[in-house]
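These are the structures in question, set out in turn.
You will see two complexes here that share chain A, one where it goes with chain B and one where it goes with chain C.
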Partner chain A sequence: MATQGGTAMIAAPPPSVHLAPAEDGASAVASLRAALAPALRAFGLQSAVFLATLVIFGVFLLIIAGKNPLAVYADMWKGSFGTRFSQGATLAKAAPLMLTALCTALPARLGMVVIGNEGALLLGGLTGVVVAQLFGPDMPYVTIPAMLLGGGLAGGIWIALAGALRQFRGVNETISSLLLYYIGLALFNFCVEDLLRDPTSLNKPSTVPIGEANMIGAIQGLPAWFPEMHWGLVIGVVLCLVAAVVMDRSTFGFAARVVGGNVKAARLQGLPITAIVLITCLLAGAAAGMAGVVEMAVAEGKANASLAAGLGFSGILVAFVARQNPLAIIPVAIVFGGITASGGLVQRRHELPDATVDVFTGILFILVLASEVFANRGRQS
Partner chain B sequence: MMRTALCSLLAAALLVASPVRAEDTTIGFIYVGPKDDYGYNQAHHEGAEVVKAIPGVKILEEQKVPETLDVQKTMESMIELDGATVLFPTSFGYFDPHILTMAKKYPAVLFLHCGGMYDAAKHPKNVGSYFGYIDEGQFLNGIAAGFATKSGKLGFVAAKPIPQVLRNVNAFMLGAKLVNPKATTTVIFTGDWADPVKEAEASKQLIDGGADVLTAHVDSPKVIVQTAQERGIHVCGYHTNQAALAPTAYLTGAEWNWGTVYKAYADQIKSGAIAPDKDWGHLVRGGMKEGFVKMSAYGPDVTPEAKAKIEAVKAQMMAGAFSIFKGPLEDNKGKVVIPAGTTLAQTDPVLEQMSYLVAGVVGDTGR
Partner chain C sequence: MTPDAVQATAQLSPLAAVFFALLGGAISLSTPYLFVSLGECLTERSGRVNLGLEGTMILGAVAAYAVAYHLATAYPGATWLAPWLGVLVAGFVGVGMGWLHAWLCAKDGVNHIAVGIALMIFGVGLAIFLGKPYIQPKAPHLPALALGNWSTYEAVRSAFKINGLFLLGLGLAPAIAWGLGNTRWGMILRMAGESSDAARALGYSVNRVRMLATCAGGFLAGVGGSFLSLYNPGVWAEGLSRGQGLMAVALVIFARWNPRTCLLASLMFGAAEALGPALQAAGLSRGYQLYAAVPAAMTLVIMIATCSTKRTLAGAPAELSVS
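Take a look at the complex of A and B:
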């Protein structure tokens, strides 16, 4: 089945920049400037978008909600980045989003639109519990990595199924990954409420706990002014960086982009398209599966309905706003986390509904996506 | 090590020495769903409104906070940014591990949780838990339904087959049976605390199957009550008063009365009887008698005969002379679950592990 034309558009920036052979020393400065120019332009564009969001949302606050926008913005700042505590809350919300966003961003390089992130997350978290049970509480330094690997594998297989259905059966991966989410949720619920249920968990059915020793805790020994953060954030940032290197700097990533750009050309080149699709889906699902392990092991320490909080779905949004670029996912997830983190303060201090900050996110992200269209048009003309 | 110990001793001494906090006590309420959901969260919000009216108390409210790391951040945010010293995180799943984690981190803050899960042997002193015997309300609902039904078929839309829910289903059935021995109750579990689509489907399915009185145990029974009104059958409310949604269909309802409970807490906190470093009634429970639960005003279709019976049973409950669960009692598979001669008091912990549906209930707990 050929790649859909529409999805190829959002797949990747034109590959020309990174593919250029190494220049000689004299032009190094010029090439650096040339490389920085798009970044600067992007920064300028994003700043304009952010200002426009502030204005539009401000008008919305003033006219529809009858509130003073400046006071609301002051508290949004305070609740997201303004205090050490808020920074910690923001980072805690951003960490899982980095991982779930990769689940959509990696296959996007192949021109695929995967949206079944939540299913991979749930099965990953569940598998993490099973691994912790097998390994016991005595060697967390082995158990925790094993939980992450096991959860990653489970999530990876789940998304690879969607890739396999596409390669072998011609099933659209967007639909199949969404349907696989529903199957994954049902499987998760069955395990939590029946097969793996801790008989002592009466009114909130849960699996047996992984044990205090196997919890993924806060990072110790940070300077006092540093916001609190847990190891999940490190995993998120590192995987985004690794994904960026793999997708932009390796032959595998190059091959993936060729498949995403023109599947016929890729076939003519003799690229192993099916293998590339399956491996990419496996890596993508693994990121979401690890998000499930992290979320499970940071707070609950057991799998239950709390894990199905929609982080997989938010990841889709983050990936699209980051234009499927693994590096851009890091700041986008932090901004998204910050806006969400500020929601409580906005609710409490201004008696605004909880959806208020969602409106802000909506305006911001629509403008970001729209600005890309304008920017591209400007470049082409 | 020594220095840390000294420092914390000093800090503790300062805490004890500081005078009872002056006027403004900031109390935070956290809800898992919308506070106007005609259900679980609205019941707590109505309780918060009572506290709000107490002079010298400032309340904070935050809704739709999931039972994840998010609720820990919300609790911390209320403490760190808004100076809350008392928190009411109201959802069942907030307790373990979220409240317990935060209670250890903030020992000077009181955490009061709805669910009745406090264990003095394991849990910190600045934590308390409360819950109500709302099955008493469902029993009275059952009496109203038993009188109102013509088909003898009652319907129950429930979230999950967990002990708290099963206890309500069984109490409803036993209430109906008291006045209508042939009545049966069909229960449908939606599997979710808030899933209006499945709840609407379940209601229609029950009505199509012949049920002419519905009740529910989900977070927001709104769509179930509305469906009953649209289809011209009757309905008994749950959590809070839903009469406004079904002016003619509504019979009565089992409501929480958190206003009474929260005001009592607030008064004792203000007087200093409850403090993070003291021993106090960490675990409180109550039913009709203690004012933890109440009934909605009767709808237009409740007959005088039904009213008289409900009031008579309620009077016995108020006098503490009524038991819902007593032997001989069989489950719906024919197994004796409470032998003849045994009467279980509402406080009996056995009731909190209920895993069966009583005879007359059509449905399966899945276990």
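Take a look at the complex of A and C:
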């Protein structure tokens, strides 16, 4: 095993996820540790990558923008995790990222690369508005779950379409989901600017609002030292946990992994491959559709161009950075949510363009992908 | 434009107005599609997909704009040359992005789809960051041949305003098709895309071939981006590229990996882009947003009609993982 210097951390022994040790009473703890090990391992490598990003972006700030990187980093920290307010903003950005990341991570178990997350997100958010209109403002306890279900269904159908095209017509799902994104974007623009447009929204065309009562609000009764959280975050975390359990611990997840590993073997076993593909795509799209509902119902309360801000595309990269592991998606989404949340403060305090944190995110993504080579080296040896 | 010309525009029948708008779209909006799809075609024929061309294009757009602006300000005598140097610099920025893509993809276990998306986000972010000071100043535009001056109709005049880059692309498409089919370099590139084992057996480094193909593709994508900032719409602004770079991947599939068909498909995509605004101008008050989806829908329909679970798409490079 090539454990020299810096790669020692990467070359940790492979976790034995599927062999739960049952000899002693601590087996539950041990199996939990085994389940978390891949996530922790990926997180360890990415911490090293994060440091490298800080160095490269620091040089960029110093030379191109003429700013003191340390001062910028101090404000990035302040704007993402440093205060209770910014922690709340970070978690609000992280919730939809967790959900859109699932849209890539779940089909990845089947060996599929889905990149149409943004399309499912937009249609999900739009459907949420429609459902809120149908149900009215009187019973938010029914309306909000219905919005989530409706949005999830819309997004789910969109991605399941890509799965169906692959199974029945052999159309590559990466390309078809990208094309479906463009079609979804046009539908979204048509609805926002025409069909469902609020006539009073002049400068920024928006749909009719869902109403104050139907907004997804902050969780009440949290202790004062706790960051502000809204229910969308709970949905994101819970769905990531459910996805981890279903994909790693259930018969369905096992069947999905067989299909992803070897389609011929799956067919010989008599596994219903088409059904597995369609259900997985439906669930994946549903997560992205719910991301649209959450983002819409937490932030604007109506669908408009702000919803099409690229959360779906960022979600693809969150999934890749988390190595398609639903548990790892949670911390990765929080880190990227924090970077996004800090954008405003960095812009105001340092007179930098608002795209500054996007450059940071871009460098970070590129380095994480480049670091895959170390991770794979560790896995093989 | 004389007052007579304005009168004449009003007299053009709605159908003719839509026709000339589509023709104008095919000529002037197709250029970015053409360059970026020729670039993607080269890259894909070598067996790799670059989804990051959206970032390459927009970074090329800002680089071209900045170079043209600064050169024209510093040397007012060379204003005619400044935009062309901008185009060249945009191309080299594209080479840099292509190199980054190829360098990352050459590593074991790195997913080229993810690399493409990462470069898209990086490129767009960097372009907006660097482009902040260029939103206000005006850079000199690329020249255009006004071939429609014989007509009194403004719609006809603007439809036949032909840009130099368009002419260049018109020649480039058959040239690339010829080069792929008839030169040694073209054969090596296709071999890397059809059978990496064969290329390796003959002593060529597949990664090196793909790196060169991706760099060349990046150059063309950068040039395509420069058209956006230096001709149409001819300004630098956020959201300048409306997904042409990402659509290039679909366009190449639509064109079946054939550079000559890429030209036809680009003309069609350009016309499709002009369809919505044209119908809106002709009095169609609703639904024009939906026409933005026409290129994507056409590509999807073609894929559904021609794909099969039993074989790959005709014309697809065998090593390409997304066909």
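Following the convention adopted for this analysis, the second predicted complex is superposed on the first by the 328 of 381 C-alpha atoms of A that agree within 3 Å, B and C clash if a C-alpha of one lies under 4 Å from a C-alpha of the other, contacts with A are read in each partner's own complex, and residues count from 1 in each chain.
Here is the rule we go by: a contact is a pair of C-beta atoms (placed from the backbone, for glycine too) under 8 Å apart; a residue touches a chain by one contact, two chains touch by 3 or more.
Quantities reported herein were computed from a predicted structural model and do not represent experimental measurements.
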item	value
Fit or clash between chain C and chain B when superposed on chain A	clash
Contacts of A:369 with chain B and chain C, given as first, second, both or neither	second
Chain B versus chain C as contact partner of A:85, first or second or both or neither	first
Partner chain(s) touched by A:203 [first = chain B, second = chain C, both, neither]	first
Which partner reaches more residues of chain A (counting touched residues only), chain B or chain C	C
Partner chain(s) touched by A:345 [first = chain B, second = chain C, both, neither]	first
Contacts of A:189 with chain B and chain C, given as first, second, both or neither	both
Which superposed partner A:175 touches (first chain B, second chain C, both, neither)	second
Contacts of A:320 with chain B and chain C, given as first, second, both or neither	second
Chain B and chain C contact sites that coincide on chain A, given as residue numbers	189, 193-194, 354
Contact set on chain A toward chain C in their complex	64, 113, 115, 165, 167-172, 174-176, 178-180, 182-183, 185-187, 189-190, 193-194, 310, 313-314, 316-317, 320, 352-359, 361-363, 365-366, 369-370, 372-373, 375-377
Residues of chain C touching chain A in the complex	51, 100, 104, 107-111, 113-115, 117-130, 132, 243, 246-247, 249-250, 253, 286-287, 289-293, 295-297, 299-300, 303-304, 307-311, 322-323
Residues on chain A engaged by chain B in the complex (per definition of touch)	78-79, 83, 85-86, 89, 92-93, 189, 193-194, 202-205, 295, 298-301, 304-307, 309, 341, 344-345, 347-349, 354
Chain A-touching residues of chain B, taken from the complex the two chains share	28, 34, 60-70, 72-74, 76-78, 80-82, 92-93, 97-98, 101, 115, 160, 162-164, 191, 352-353, 366-367
